[in-house]
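Worksheet: the structure to be examined is printed underneath.
As written, the chain order gives the labels A, B and C, with residue 1 at the start of each chain.
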């Protein structure tokens, strides 16, 4: 749940999603679900000359499983909170 | 309440994930599928090994065959991303910080 | 769940499959595994010699093979001169 909650807190922020087919899409995070499928609005591909396939696409839904990386806005990420939450979830998982 | 929340203060490693937990806020090395490697500070992870790395340096290694000598030429390209979410299904291994070299 | 796709119902969408195919059509339905129903669909085959459009009709795309679903702005789409586009096909998704 850590990342689902984290991405929900980033809704409205700009991210770059890099897919496992090497396509990189820049856009505003619109929504995320428990599978980390994501919806981006106001998108642009970072290399439009190589990828003109999305010229008429303004917003898109990306299947979570095809995501390789997501570049995040560093100043919007509370790294202390992330680490604390990760520790908390680790101890919760151990109790099971 | 207080009793159940108490964790041993001694850092004990009982299972692989303990090693990952102890690497939080440390610089780690991650080997990824498709000849990718990452080095960065671990800020978060979950049971799928999804991660967030700070100041992540990615190295991608590609191999080209020389047309004449048929020698394999390895090329690596590097880039740095200030804050990076890494999807766990691409992770092959995580290595905790090298204590001899770091700090 | 994948209810984020709700807003695309009856809209023209472009679907990138995991093999790198691109299918454009009207989205009539979807389910939680991202299986899609596309009506009046066609495939856009990109290559360095140009873009070929192949009529497909009513198509069901299995969710496992869906990489991305994009909402097409039809006004913008109409203005694209596909004869000017010469690119390699989209790569396949490598897990």
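Definition applied: contacts are C-beta pairs under 8 Å (C-beta built on N, C-alpha and C of every residue); 3 or more make two chains touch, one makes a residue touch a chain.
As the structure is a prediction and not an experimental result, all values here were calculated from the model.
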Chain closest to the assembly centre - both centres taken as Cα means: A
A-B or A-C - the one linked by more C-beta pairs in contact: A-C
Between subunit C and subunit B, distance of the C-alpha-averaged centres to the nearest whole Å: 34
Separation of mean Cα positions, subunit B and subunit A [Å, integer]: 18
Set of subunit C residues in contact with two or more other chains: 94-95
Where subunit A touches two or more other chains at once, by residue number: 20, 65
Subunit B: positions in contact with at least two other chains: 89-90
Parts of subunit C lying in touch with subunit B, wherever the complex brings them together: 94-95
List of subunit B residues in touch with subunit C within their complex: 33-34, 89-90
Touching residues (chain side subunit B, partner subunit A) in the complex: 7, 15, 17, 20-21, 24-25, 43-47, 50, 52, 54, 81-87, 89-90
Of all residues in subunit A, those that touch subunit C in their complex: 19-23, 30-31, 33-35, 37, 39, 43, 49-63, 65-66
Interfacial residue positions of subunit A with respect to subunit B in the complex: 2-3, 6, 20, 36, 64-65, 67-74, 77, 79, 82-83, 85-87, 89-91, 93-94
